[in-house]
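The following block contains the structure, expressed as structure tokens.
As written, the chains take the letters A, B and C, and residue 1 is the first residue of each chain.
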């Protein structure tokens, strides 16, 4: 288990926890919470892999299933205390967002996609699981309304690309991209920065 | 038309009826009801086939379309009496769940997937159509909150696997698995058994 | 840029505008509005391409992304006046529906699918983006409840098929099909024609 595995499982765990907690707030049963947690964790990468026409990554390896099971147990057992770990879970989630974004981009590039497709795939990998979670619990996707989340993915993707084009090694460019996602995500939450909201149209009718 | 065809069409019919009745309760028009019925009937198998990277089963054969059309006609014509057939439709639905679970597992094994993937595919085949139905009518997926439904799929999958590993013929193992899904589904509804619900977190804030 | 390109971009633009306006009504942020607009514009064709097992069309060409960006800018800048262009946008949307339906059918036929599959793919190409939009903004899909929209696709598909079978050239049959979609769509809105609604069941319980 090397450092990228650690990032990957921290991110998977944090995404699954987020899905399970949202499901718990809607009083889902254990099965429902497990499914929502799993969908949050693997949903983005699954859509990416279907669009790239390759076998979804979680079908090669049962670790994602197990990681989600651990997350479910954690939420059930530590229900009373979990709110105290919100800050830690936020950091794990930001790690997941950074890691999944860059992994999604890298995989798309490996499949011969142009950079702009890779960037969409990076954002999908990082954000589509959370959208799937919100659709499954019948809420409006939170990523569309609050905070800098997906834009951190986009920003990291641009940093990755620029570094790479400037001649950095792939590994350094990836690290720079991931750090950029993480930094913008954490900074925007600390400073309460949101994207501009759309305004309503004015109707006379 | 052999016995498995009969099970398949009973199940498809029952799933389509369920989608159409939910759509009717939301006052959808005929087209909407047809689409929701069709999605309920073929949604799970379609997701399975996309993940397995094969042509969705209903594109090989117009029978599923026709079966859904019959279901739509049935609901429109027998609207006043359909509630009296709830018990029969419940049995058909349980047959569908059993049949689709085992078919989904079998197909995944044929595609060289390991058993744990096959079990996910079995549950998806049996349950994802109902989830799609609830997303399309903008409700919280009922399978996440009420009754033993998906867990019956999981249980039948385990029975299938154990029987197979114990050296039973594939056919017997499949029948045992399907009977297990059906039995647990019917038993849990008769006895009003639910899965444990997630509890809300306690917040002081 | 020939005439079919013009139709394609008018349709894409109108579909994106519709997604962005719905997102604005829900007070999404700019990113959310962009994603909903993009999903509305390319969602149907993407599902079609995944089912046909080919690379989603928008991954070959960044024009759809750019077209959605132009639509977003348009809605932001002309917010106060856009309601005055409802009629023009309706015509563009009807062009998009006609064009996407026939393109979806043509592509499916090129992939060796039978006519009835091509018709489903045509309807999906024309309508599934709008369904995806409504799922993402957490509304009931409007196409299931109001107006003749998908049925215009179905009607145009039948006209296409009949003309083709009667020996017309493919191009003429396609034009006839597209005109039929457009005509039925516009006529039904002018005359306020809806499909029959499903009625609720009567329960004594």
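To be clear about the criterion, contacts are C-beta pairs under 8 Å (C-beta built on N, C-alpha and C of every residue); 3 or more make two chains touch, one makes a residue touch a chain.
A quick note: this is a predicted structure, and the numbers were derived from the prediction, not measured.
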Copy pair chain B, chain C: interface residue numbering same or different (half cut): different
Chain A onto chain B, rotation angle from CA fit, given as a multiple of 5 degrees: 120
Whole-Å gap separating chain B and chain C, where each centre is the average of the chain's CA atoms: 30
Residues of chain B whose C-beta touches two or more other chains: 50, 53, 135, 138
Chain B to chain C touching residues, read off their complex: 20-21, 23-33, 35-36, 46, 50, 53, 55-56, 59, 62, 65, 75-76, 79-80, 82-83, 135-138
Complex interface listing, chain C residues touching chain B: 50-51, 53, 113, 116-117, 120, 131, 135, 138-141, 143-146, 150-151, 194-203, 205
